[in-house]
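Input: structures, listed below.
Look for chain A in each of the two complexes below; its partner is chain B in the first and chain C in the second.
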Partner chain A sequence: MDMPFLSPHDTDLGTPEKISDQQVSLHIDGHPVTVPRGTSLMRAAALTGLSIPKLCATDTLEPFGSCRLCLVEIEGRKGFPASCTTPAEEGMVVRTQSTQLAQLRRGVMELYISDHPLDCLTCASNGDCELQDMAGAVGLREVRYPSIEHHHLTAQKDDSNPYFVYDPSKCIVCNRCVRACEEIQGTFALTLSGRGFSSRVSPGESQPFMASECVSCGACVDACPTATLVEKSILEAGQPEYSVVTTCAYCGVGCGFKADMKGTEVVRMTPWKGGKANEGHACVKGRFAWGYATHKDRILTPMIRKHITDPWQVVSWEEAIQYAASEFRRIQGTYGRDAVGGITSSRCTNEETYLAQKMVRAAFGNNNVDTCARVCHSPTGYGLGMTYGTSAGTQTFKSVEHSDVILIIGANPTDAHPVFGSRLKKRLREGARLIIIDPRRIDLVQGPHFKADYLLQLRPGTNVAIINAIAHVIVTEGLVASDFVNTRCDMESFQAWKAFVVQPHNSPEAMEPVTGVPATQVREAARLYATGGNAAIYYGLGVTEHAQGSTMVIGIANLAMVTGNIGKEGVGVNPLRGQNNVQGSCDMGSFPHEYPGYRHVSDDATRHSFESAWGLPLRKEPGLRIPNMFEAALDGSFRGLYCQGEDIVQSDPNTQHVIAALSSLECLVVQDIFLNETAKYAHVFLPGSSFLEKDGTFTNAERRISRVRKVMPPKGGMSDWEVTVALSNALGYPMHYSHPSEIMDEIARLTPTFSGVSYDLLDRLGSVQWPCDDQNPEGTPLMHVGSFVRGLGQFMITQYVPTDEKVTPKFPLLLTTGRILSQYNVGAQTRRTANMAFHSEDRLDIHPHDAEDRGILDGDWVGVSSRSGNTVLRAHVSERMSPGVVYTTFHFPESGSNVITTDNSDWATNCPEYKVTAVQVTRVRQMSDWQKYHQQFDEMQQHLLRPGPEQMTPS
Partner chain B sequence: MMSAQHLAKMANDIGAFFEAMPNQDQAARDVAEHISKFWEPRMVHALLQDVEDHGTDELKPVVRNALFHLQGELQSN
Partner chain C sequence: MIKINQFCFCSISYVVHSCNLKYQNMKNTQNSLPPPSLPEQEGRVVQQSIDQWMSAEGPLLPILHHIQDHLGYIPPASIELIAHQLNLSRAEVHGVVTYYPHFRREKPALRQIVVCQAEACQARGARELTRTIESRTGCRLGQHSPDGQWCLESVYCLGLCASGPAVAINGCLHARVDHDRLNELLSPGDLA
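Up next, the complex of A and B:
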């Protein structure tokens, strides 16, 4: 059933695909061929199966025409044009081989080789070198320029980057790397300096890679035809034998990758050209930061203990599972059926998540199942569900190629969704206009060859005030897309909403003192969004993680409807999902009130379908959400928790509250690949498996379902889905699956929007966007075309309500949080890779004014205190923030960022208000009390994990 | 289960969204529906119990009205 193994070498058609309504027909070497107008001769030849020698061309980059190896002859034309830069024309007769062409090509190759080291046999790229291939293809037999000065041979290697080496002695100056960095990644870190044979590629101003603007995406390494830019993993392990297509397990872009393999060892991850989310691009995380999968900190054996102060005992899988099941049953016997629950993770596959919620509903017999999406995008589900009828983004990523105006709200794509960030930058370089709403001056405000038209740098917590002000301008200035609204939306709701937004208190002028954004800027940005052509909104956790997160999502949905920016290419409402499978974990019914496919547990028809498939009655009342579980744990009515792949201690707000709740549990079962912060409070540890060790599917932010494929056996002996099955069996609710594909078949049978999905379909199409059903057998790239999923679009009133988290003399600054490119969320994976070279601690960004007021210098240790707690971080004085606002990332447990965040939350979904915490910042000399506690507790838990010999004997 | 104060705050936060609607009856029904759709029964009971014991002073009017609907729903179930 699985896709066959692929060759590690992709076919390369030489130049990119051209889209045109017109076709041209010609003859190449006697073969007739028809291609879209604009297609190069090189590509046309490749499409007929002929290969023209080439070095500087590759089909991921626009042709450059520098190497002169791809020359051809065209009947009726003089000379030898380069086939990569010559477009095919109607009626052309082209020859790719002749004695003269062969001589010319040999001459070119001779020059290249004369300045190239001849160490092919020991070169890392032996077997994967286009220069070597071309020397063979053109029949090079001798090099007549022995005396030529070797310009490159003595050049120094640059191995400053942790993942790849630059060896200029092997460079053929084809410019592919430079173009990849510009066209694909959009960083413009590389330049070509000098002329002819003495020219050189160099990062920045002849700096080492690590000192330059380079963001380690690897695009240049992919593009390089020689061993000049090559992965260190290939230098160490040698060339791969075969490749398996899989999906990145980091962010919600969901890039397709080829795992390049030697036996069961991964030697490289290369972005898959066939991956529709990424089309051959990647970022430093997916491309390089996969070494955690084999890190020595992996825990590979099940363990149990009675108390969290006891040493862990290594036990068999069977014993661990039996123990966990008997504890859950004991707790339910003593405290009632509702005293236990489960948490699923957005890191896990759809199949694993589905099974975990099934186990909770069927084996535990309650609806106490929630997912970490609670703390990130639950407001997206609610807001888009209420207004449009479906809890997901409306477009494909590729759709941005048709956008004229891009509005980014509370998102930082170049760090958090880098491959989409690159697509976005490309569209901006082509001239799309850009509006950013963010308290921080993010990188997209200005970059190589683009600049945002407007940065509305608002005060944290005032999103809804801004969105209402924008709506006010659109309605009062007559910019409503009346045709769209009249035909596609519920008019009663529109009238009520309109009457609300036109009220003077929603005007940009009235809101200016609240948001801190000049009214004229808001007015101009609103006009641009409404009148600038196709306008698309992209938003992130800066929208959802607020007390009014759901209100803001609704406000965004209103705005897209009132301007008619829904239901076609280049527009839409696009939530950028944080984790790889946030979308999927929500789709799979891991909310306490919903079955798979977003159907409420009280809906009789839905519940009956699950009851008859699962063979038992199910509860119709919603269960506990994660924060409710904590509350219930503290009051004693919740005593047992199964936590699959989720580190709630580090990732949930108000750490001390979370710790108090978990410490009161009688049985905490953690399934994870590392002893994460949560596992330190656990009684049963079940070893999880990394994405390389499992079969399944992930669903990205575009609703795209892609396969994750097992390339090595699970290191702990059991796949995650097998563990859930075993636990359910031990609880007395047997499950019978022999492969994750059977779980997907069950999902498809029970979930109308997934009814057409199967592993066979995914193998055939590569990936598919839900809804995938009888009407849309190959999926639905674009949502709400013609009509909304709910029928008519529903406008909803979005009154701005200031958050309770206000600045006071005691806490005069507002703290907001975010991520950076090289680290990922709680950092459990990326902290165990060489990405540490890019970012090895969380810092507190503080504006120079605020720093000066407090006598703080860059690099000082500062205490950050809020009404929840306090922690100590190192200060980074930066003008990215407005005065009054400070910022930190949350990738390191010792930073305790969430010790400071509060348990305020979104009114509709209880998504925590991470993005607004009132704090005070002061210079300090030592760790906070919490950090001291954390350090001691961590040391104790590490000790309990690796007990001395006397404690090793199994009980 | 859960502090009554916390539940009252959650209910008021929900109320703060719906009270902006033009029709206050509808707003109260929407608050009630939201609570019964998303709150685990223990939480609903705890809030109703608290209201019975300590009155509704802390609650927004729209939430008070919503509680009548919720009580009605519980009785009819």
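Up next, the complex of A and C:
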């Protein structure tokens, strides 16, 4: 069933694919070849199985024509053209081998090797070196040129980057790394310094990599044909034996990766060229920061304890599962069936999430199941569901290649979704126009070879005001796509919406005092979005994590409909989802009111189908959402929680409230790979398994279902899905699955939008975008073509209501939160990798004016207080925010970023308002009271973890 | 040395053309410049150079020339300023600056002597002339003199092949530089 092991070495066709309606036929070395017009001779030859020697060419980069190794002869033409830069033409007769070509190539190779160390046997790339291969291919036997002082054989290595080494002595100056940094990653951190013989690859201004703009994506390392740029893990472990294709477990881009393996040890993760979400690119997290999976902090044995102040007792799996099950049953016996619930994980697979919600609904017998999407994209599900009929983005990532105008709202793709950020930057370099709506000057505002046309730097919490103002301009200036609206949308709802947005209070001028954005800029940006061609909207948590998060999503959906930007390539509404499987966890029925496929629990037909498949009656009343669980815990009616792979203590807002709720539980079962912040309040700890230790699927932000493949046995003995099965069995609701594929088969049977999905299909296609059913047997890359899923698109009125979280003399600044490139979410993974070299603490970004008012200098310790609590961080004085706005990340538990955030939340979905908290910032000298408590509690919990002599053996 | 020169040209022309094309689209986003760590006077010259040439096609080379003409070198701290305002990376500007030997990255000495080392001047005694200058100034070719007064650089052709050997002192050309002429040129105070 699984894909066979692959060779770690990809086939390289030399130059990128060219798409053309026209085909040309030619002869290469006597073989007839037909290729699309524009295809290089090198690629045409490779497609027929002939390999022309090459060094500077690779099929991920545009041809460059510098190495002079790929020369060929063409009948009727003089000279020896480079096959990488020469397009195939009709009727050409090409020779790739001749005596003269052999002499030329050998001569070129001799020059290369004259300045290259001959240490192949001890070289890290031995066995994976194109230079070595080419020396063999051209038959190099001697180098007549002596080593001279200008040579680079003694050049110093740069090992400043934690993940790879740059050894200039091995560089052949083929420029592939420089081009990869430019064409693929779009950072332009590398160049060639100098000229002639002295030219060398230079990061930044001939600096170490870590001092340059390098973002450690690894594209240069992938591109390098020698050992000049090589992973430290390969230096240490040697070349991999085989590779297994799997999917990254970090953000919602869902990059395809090859796990390069030696036995059951991962020696490298390389981006998979066949991965449709990433097309062979990666970022620092997926490419390099996988060491957490085998980190010594992993907890590999089940543990139980009666009270959270007791030492942990190491027990067998069976005892832990039995204990957890008996506690849940005891609690239900005492407090009622609804006194327990579960939280599913956006880090786990679809199959595991499906089982977790199934266990809650079937074994617990209630609908008290929720997921971390509650705190991120639940408004997306609501807003897009109401307006379009599906709770997901409308496009593929590749669609951005057809966009003329890109509107980014409340998202920071180059940090949070870096691989998509690179694809987006590529389109900007090709000339697409860019509008950014964000309180911060994110990196996409300006960078090498791109600059946003408009940055609408609004006050946090005024999203809806600005989207209404944009809609006002489009409607009042006659920019409505009438044909689209008339044929595709519900006209009654459109008329009502139109009457609403044209009201003067929605004009950019009227909203200017609210948003802080000059009306002229709003008008110009609105015109550009409406008239600039294919316009696509990409948005992130800056849209959803507000009191009006759902309203804003609806506002975005309205905007795309009124301009006709739905249902074709290059347009659409695209939520950038945070975690690897947050889309999937929502799809799999993790919400208390929805079965898999977003069908309400009160819908009789749906419920009956699950009842008959699962063999028991199910409840038709929605269960508790996460915030309701906390409230119910505090009022005593909710006493037991099964929490799989989510750190609610660190990630949910108003930490002290969360802690109070969890502390009141009688049984908290945490299933995770680490003793995370939540586990410190747990009574049962069940070891989780990393993405390398299980089979399954993840679904990314473009609805793409991709396989996760097991490359090593679970370190704790059980995959996460096996743990849920065991717990369900112990609760008296038996589950029988021998492989996750059987779980997917059940999902497909019970969920119409997944009815065509199977592991066989995924192995065949690589990945598939839902809906995948009889009508779309190979999935649906583009949604809402021809008509909306709900039929007619529904306009909805989006009245701007200011948030309750207002600045006051006591709390005069607005805090907004986010994440940065090298750390991920609560940091449980990335903090346990060398990514700490890039970002080792959360800092509070504060504008120079606000800093000066408070006597704060860069690096000072500052107290941040809100009506929820206070914490202490170091200040980073920065002009990224407007005056009056401060910003921080939440990657480190000791920062207590969420001690400050409040329990304000979205009116429709309870998604917390992380993005707006009124705060005061002052210089301080010591930790906050909460931080002191956290430090003491953490020390105590670490102490309770250390096994005493009597606890060494499982009882 | 096939492997070297070609791609340098490629990358430079890419930089020069694309930065100009991109610049046309930009408006309305206020730049907050990275704080330049340049001395005030140098910073002013750099900013003037950028302002003067930014809207030209392929502005990078004219800007670099303008800076060097006024400051005698390209201050390393100016790279970030130029890169930011031209929407280039520091690496790209660095690549162009280091590609051309004409651009200096260090403050030049008070007197900069450039001696032609090309064939016609060699035939007219440029090698001997170079040695003489080295011994007179205490400054080796490609270096600064220990007292910081002189720097001696080579060039391949000043366009005076018919009247070699040729030198340029502080940018001023001198032909047929024989022993006497050299004495005049190197005399204190004569900075041409």
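Please note the rule applied: the second predicted complex is superposed on the first by the 943 of 955 C-alpha atoms of A that agree within 3 Å, B and C clash if a C-alpha of one lies under 4 Å from a C-alpha of the other, contacts with A are read in each partner's own complex, and residues count from 1 in each chain.
We adopt the following convention: contacts are C-beta pairs under 8 Å (C-beta built on N, C-alpha and C of every residue); 3 or more make two chains touch, one makes a residue touch a chain.
Just so you know, these numbers come straight off a predicted model, no measurement behind them.
*Asks:* Report for A:S928: first if it touches chain B alone, second if chain C alone, otherwise both or neither.
*Replies:* After superposing on A, A:S928 lies clear of both chain B and chain C.
*Asks:* Tell me which of chain B and chain C touches more residues of chain A.
*Replies:* Chain A has more residues touched by C than by the other partner.
*Asks:* Would you check which partner chain A:N654 touches, where first means chain B only, second means chain C only, and both and neither mean what they say?
*Replies:* neither
*Asks:* A:N628 in the overlay: touching chain B, chain C, both, or neither? Say first, second, both or neither.
*Replies:* In the superposition, A:N628 contacts chain B only.
*Asks:* In the superposed arrangement, which partner chain does A:S767 touch: chain B (first), chain C (second), both, or neither?
*Replies:* Neither partner.
*Asks:* Once chain A of both complexes is superposed, is A:S895 in touch with chain B (first), chain C (second), both, or neither?
*Replies:* Neither partner.
*Asks:* Applying the touch criterion given at the start, work out whether A:S882 contacts chain B, chain C, both or neither, answering first, second, both or neither.
*Replies:* In the superposition, A:S882 contacts neither chain B nor chain C.
*Asks:* Looking at the overlay, does A:A908 come into contact with chain B only (first), chain C only (second), both, or neither?
*Replies:* Touch partner of A:A908: chain B, not chain C.
*Asks:* Return first, second, both or neither, reflecting whether A:V173 touches chain B, chain C, both chains, or no partner chain.
*Replies:* second
*Asks:* Give one of first, second, both or neither to describe whether A:E213 is in contact with chain B, with chain C, with both, or with none.
*Replies:* second
*Asks:* Which chain A residues qualify as touching chain C in the complex?
*Replies:* Contacts found on chain A: 56, 64-68, 108, 111-112, 172-175, 178, 187-197, 199, 202-206, 212-213, 429, 431, 433, 441, 445-455, 521, 524, 879.
*Asks:* Which residues, counting only chain C, touch chain A once they are in their complex?
*Replies:* Residues 1-8, 10-11, 18-19, 22, 25-29, 31-32, 76, 79, 83-84, 87-92, 94-95, 98-101 of chain C touch chain A in their complex.
*Asks:* Can you tell me which positions in chain B touch chain A when the two form their complex?
*Replies:* Where chain B meets chain A, its residues are 1-3, 6, 10, 13-14, 16-17, 19-22, 34, 37-43.
*Asks:* Name, in rising order, each residue of chain A that touches chain B in their complex.
*Replies:* Answer in residue numbers: 338, 367-368, 496, 499-500, 547, 550-551, 592-593, 600, 602, 621-625, 628, 631-632, 635, 637, 797-799, 801, 907-910.
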